[in-house]
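One chain, chain A, appears in both complexes that follow, with chain B as partner in the first and chain C in the second.
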Partner chain A sequence: MKFKAFLTNHGVSLLERRFIPAFEKIGKSCHLYLTPEHVILLHNVLNSNGVQAVAQFKKEALFEDYRISSQNEDRIAFTIDLALFARALRSSISMDGDKLQVKLVKKRAVAVERAMPYLSLESMGHRTAVVQDVPISNPLSRTDVHELQTALDMAQDLPRTLVQVPDLHLLQNLANRLKNVGEILEIGITQYGDFHLHISTSLVTIGSEFRKLRVLGVRADGGVLDGAVSASARLEQALQRGEASAVQVSMKHFVKSLQCQLTKPDTSFYGIGQNDSSLTMIFQFFVPGSRQMDDSISLHYRLPVLDPGLS
Partner chain B sequence: MADDRGEGLELMCLLDSVQGLVDALTCIRWKRHQDAICELSEHGVVIMVEEWSCLQARVYFRKELFRTYVYQADVRPRFGVSLGLLVDSLSTFTSSTGTAALELQYPGPDMQLLLKSIDANETCMYAEIRTRIPDTIPRDFSTDEDNASSPQSFAVKSAALKEAIDDLEWPGSSVKISLCPEPPSVIFRAEGHGDLQIDFLYNAQADLFITFQCSHPTSHNYKYKFLKATTSNIPAHILKDNRGSKVTVSNTGLLKVQHLIPVRLAPAQQQIDPSANQQQSRVSYIEFYVLPEEENDPEMP
Partner chain C sequence: MECLLTGNQIKALQRSINCLARIGNELLIEALPEKLILRALNASRSAFLEISFKARFFDAYRVLVPVAQCGVLLKAVCTVFRLPPSSMERIAIILPDIAATKLQWTLECLHGIRKTYWITCISDPDMQHVALERDSFPSHLVVKPCDLNRLLSNFQASLQEITLIATEPSPMWTMGSKSIPDGKAVELRSYIDPVKESNDAALHTQLWIDPAEELQEYVHQGLAVDVTFSLKELKAFLAFCEGSEADMHIFFEKAGKPILLAPRFGLDDSRYADFDAVLVLATMLGSQLREADSEGTLPQVGGNSTPHSQVNRPNVDVAPEPQISLQRMQRLSVSVSRSADRHSDQTKIWSEVSGSATKSWDNRDAIRVSTYLQDSNHASEEILLDLHHHQIDQSKTINHENAAIPHDCTHPSSPLPSSTMRIGDGIPQPIQRHGSSGAVLDPVPNIQVDRSFVFIRNPGNWVSDTDDDDDDEDDDSCVQSTPPQRRGMF
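On to the complex of A and B.
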């Protein structure tokens, strides 16, 4: 099992400034999954009760001179502490050299019997070199890697309808205020491009409706709806016509997931998975300085649904 | 607004500056669960909270602060609502950056308070807040009509008053407030674990005072926790504005603390509405009434 590659400056800043801070907001550690073509950060994909996040990079987006080999089809996965990883990346920036080598090593610390695995970052300056070893878990077993891969493959199943949500800052502002009112958030997405957030408790119902958003996938003409009725009645009509889905998610999860804006996505789409299984958020990034989609980076989040079968 | 939906509504109004209402209500929110009583009238909206029947706060939101204010009830409607919920719900409406006004209606089909706003790109926000029938009628406190002699009062910068009251926390539970005509001064004295005295001297600190009116020496004791409630929840950005706070003491020792809270329009709305230049008039009044401690006050009803 071997891995050795050089992180590019762009790769360092992508990870250190954007993706690791966003992932740190949902948990302390994540899986780092390396394949011959991709580098993938996965958070919480092996259990289904929290916010799941997956960021996939083509190897060229982060690395150059990328070499990997293992007996499991040249795939390696392990868990890594995000704070330590970020710290190592950050201090590598202060070196004036331009090469940051990353490799997997096993080292024997003084007091410990067995050699422990590390992700070793070696920044080479003009005169000095700094080596930082970030402790990682033992490489995942063949079955666990298979599970990660299955989770990744499942993510290819897109919700049938996706709507492009407005400004994430706005949504975050709204969610931060709504979280004081209730703990369970109902999210509705219609094929007309309407996006509903709704809280209902014994004392208050409160919500927000964003209308006529861009729709990807299955869409319908919203003209059939009565424009004069209230937002929640409109959603109810759409649900009855089978042209909408609504699920309940934990407010806490939703607020956490909005930290994804730290990755600075250019567009964000929300959709409800088939059979109302989850709330899926898909983020796209543009090639810097253009409005063209950068297909070397993909990011999606998935929130568990509180009571599937409801609605 | 003049469509048939208006039928049966006792109040229907449009408010531009939701933040102003949130700020005002935040000032009287001294704990997590508080029941407020809301009274609607042809003059505007009054929201009251009362506690231990010796502390009461009122927010006056006059009808001039609304863009439109349509009141049509024979008897002034009065309903109870959870203050925390009202503030949290209202502040949700401040999250949108749009210039949409908040539409308030009462009562809904189930006696709810209905809030709604729709902005230009058809983003809609709505809330229905459950109300209840109030089980008590808030006490009517007044500092002016109890006696022929004029009440003692002073007004200082809000931040200075808050700072003084904050500083009085450590010594203990009771604070004596004395007004003295010669030399003109206000003395706060707290005794308990230790003692601390804070003097506001009119002659030495002229820039501190806005007004000072005192004909004879008075002094009364107040529970610190009540006194603290009168200033501790003013939002920081309102304090920075530093309008005056007026403190009045009646002959019976009833303490009234009055704050002015600016109700600003968002900058974008000021451009639209030239009449909004009259910022002076755009304030809401907040009043706190604190009863003195028993021993000084044998005549209380």
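On to the complex of A and C.
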């Protein structure tokens, strides 16, 4: 099992300033999955307890001179502490060296019997040089990697309808206000571009509606809507016509997922999975300086849906 | 004893109290006619801080007896300084007489507010004193606090001990028509305490520094030495030096000997300053570089062992007062005897950037220096990670190396083995230089030196090119980490 590559400046910036801070908000450690073509950061893919996040990069987006080999179809996966990884990246950048080499190593620390695996980052500058060995878990076995890949494949299923949320900051401000009201958030998405957020307790009901958003996928014509009808009534009518889906998610998960804006996505789409299985958020990134989508980076979050019987 | 302070002196005193509070729990005050001395000793007796203020530091300073001593809790003194110094106009510290049970602190603050604190003196203070001559240390360095802060930011915030490795800086030397600059002669390395269970989650950091670029002054001659000491007290003293706008002077000798830190004012140490500080830190007995040397001198660690045997006796001038000598300063880690018994790869790895080619090596170490040749085509420093998590089988790895290796590096007491390198075709061949032992070594063949530094490599960490890591899934040899000399060379 071998892995060695050189991080590009763009790769360092993507990881250290955007994606690792965002993923740290979800959990302390995550899976790092290396394949011959892609580098993938994953949260909660093997379990469905929390916010599931998958950030996939083509190897060229992060590395150059990328070399990987293993007996498991040249795939390697392990878990890594994100705070330590970020610190190692930050200190390696400060060396101001020519190249930042990343390598998988196994070594025995002082007076420890068994050798442990590390992700080693090495940077040689003019005045200083640094080697940072980030402790990682033992690489996943063939079975675990297969399971990870299967879960990843299943997570690629897109909802039939996606609406483009205009402003994540606005959504985050709204969520920060709503989180003090209750713990369960109801989200409704219609096929004609309405996005409903609604929280209800025994004493108060409060929500927001975003209307006429851009729709991708299956869409419907909303028809002439009676202005006197309330937002919740409109959603109810759309649900009855089969032109909308509504699910309940944990308010805590929703607020946590909104930290995704640390990755600075250019567009965000929300959709409800088939059979109301999950709330999916898909983010797109443009090539810097253009409106052209950057295919080398993809990010999506998936929130588990609560059983309506619990509310 | 009575002293009066105003203005910037209050800030200096507050800074001193904050630093002392980060070292120990008790403040030991000794008032002499010519100066006031504040001391603190930590609970494990591994760190001792002394800050002395000359009489001219104060607006008024009066001591009516030859010496006045008392001890108070630092927590109580910190309470006095809870206010920002800018809101304090004047502070008076009064010890009415030698037998006084309370130390009086009177603060005159803004807007005519006067606060008076009577802090109870400790009934039987353990007046400690450590007298160490700075000239007795063979090595020292001077660093700006902001630079050291920047270097320490590379380490994990929760790191408790750090190792400083000092090598002799090499002068400019030439090879052919090339002038090759000096290497990075100083290394800072995170120390991983083997007794702690959280080692699996610890970031391992090795930082090499070019003393000409990062340090104000650096003096070290002879063999490489390493000292491992607590980072917490270092950071406290660093903050003190930074606030005092002074560089930090670090004096050291070798593992097991205490290190001494002091502020350095301008071009002259402290001749014209009206206060001075000295921090003495105990260091680990076990050397990270030469475990074999330290094995014979390690005392047994235990509750009944006399403090006298625990620390190498320094060559110090011990003051006549009831004092701790350094014999009573305990080691930082109780596991040194355990660590010395175990063989470690990391401790045998030597920095490639230390520029150690021209150093004279102790014959005991039997270290042979070889020149690194960049050979990316045949680089096989990649590490085998056994999917079945087998232990590294060092003997297998070593067997792939050239048979000229005289030492069994798996034996914990063996000195560093000779190194080999591979040339062009990937066949390991020994390349040796003339060492200090006088042995005539094979001449270096026609090689192209790509890097400006030389290194010592531990074959126990080397993966031979002939190893095929994809052959056998059940292969027990778990390839070890890349030696530093091969890192970043591609």
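Worth a mention:
One rule holds for everything that comes next: the second predicted complex is superposed on the first by the 300 of 311 C-alpha atoms of A that agree within 3 Å, B and C clash if a C-alpha of one lies under 4 Å from a C-alpha of the other, contacts with A are read in each partner's own complex, and residues count from 1 in each chain.
Definition applied: a residue touches a chain if its C-beta (ideal position, glycine included) is under 8 Å from a C-beta of that chain, and two chains touch if they have at least 3 such contacts.
What you see is a predicted model; the values in this text were computed from it and never measured.
When both complexes are overlaid on chain A, the residue A:114 reaches chain C alone and has no touch with chain B.
Shared-chain residue A:204: touches chain B; no touch with chain C. By the touch criterion defined above, A:9 reaches neither chain B nor chain C. Of the two partner chains, chain C is the only one touched by A:130; chain B is not.
Comparing chain B with chain C, the partner in contact with more residues of chain A is C. In the superposition on chain A, A:104 makes contact with chain C only, while chain B stays out of contact range.
In the superposition on chain A, contact of A:122 is made with chain C only, not with chain B. Residues of chain A that lie in the contact sets of both chain B and chain C are absent, per the superposition on chain A. In the complex of the two chains, the chain C residues touching chain A come out as 150-151, 153-154, 156, 184, 191-192, 194, 199-210, 213-214, 288, 335, 338-339, 341-342, 344-347, 353, 382-387, 389, 391-392, 461, 469-470, 473, 478-482, 484, 487-488, 490. For chain A in complex with chain B, the residues that touch the partner chain are 166, 170, 173-174, 176-178, 180-181, 202-212, 230-232. In the complex of the two chains, the chain A residues touching chain C come out as 1-4, 6, 65, 67, 69, 71-72, 76, 81, 84, 87-88, 91, 94, 97, 99, 101, 103-118, 120, 122-124, 126-135, 138-139, 141-142.
Residues 82, 85, 88-89, 91-92, 94-97, 121-130 of chain B touch chain A in their complex.
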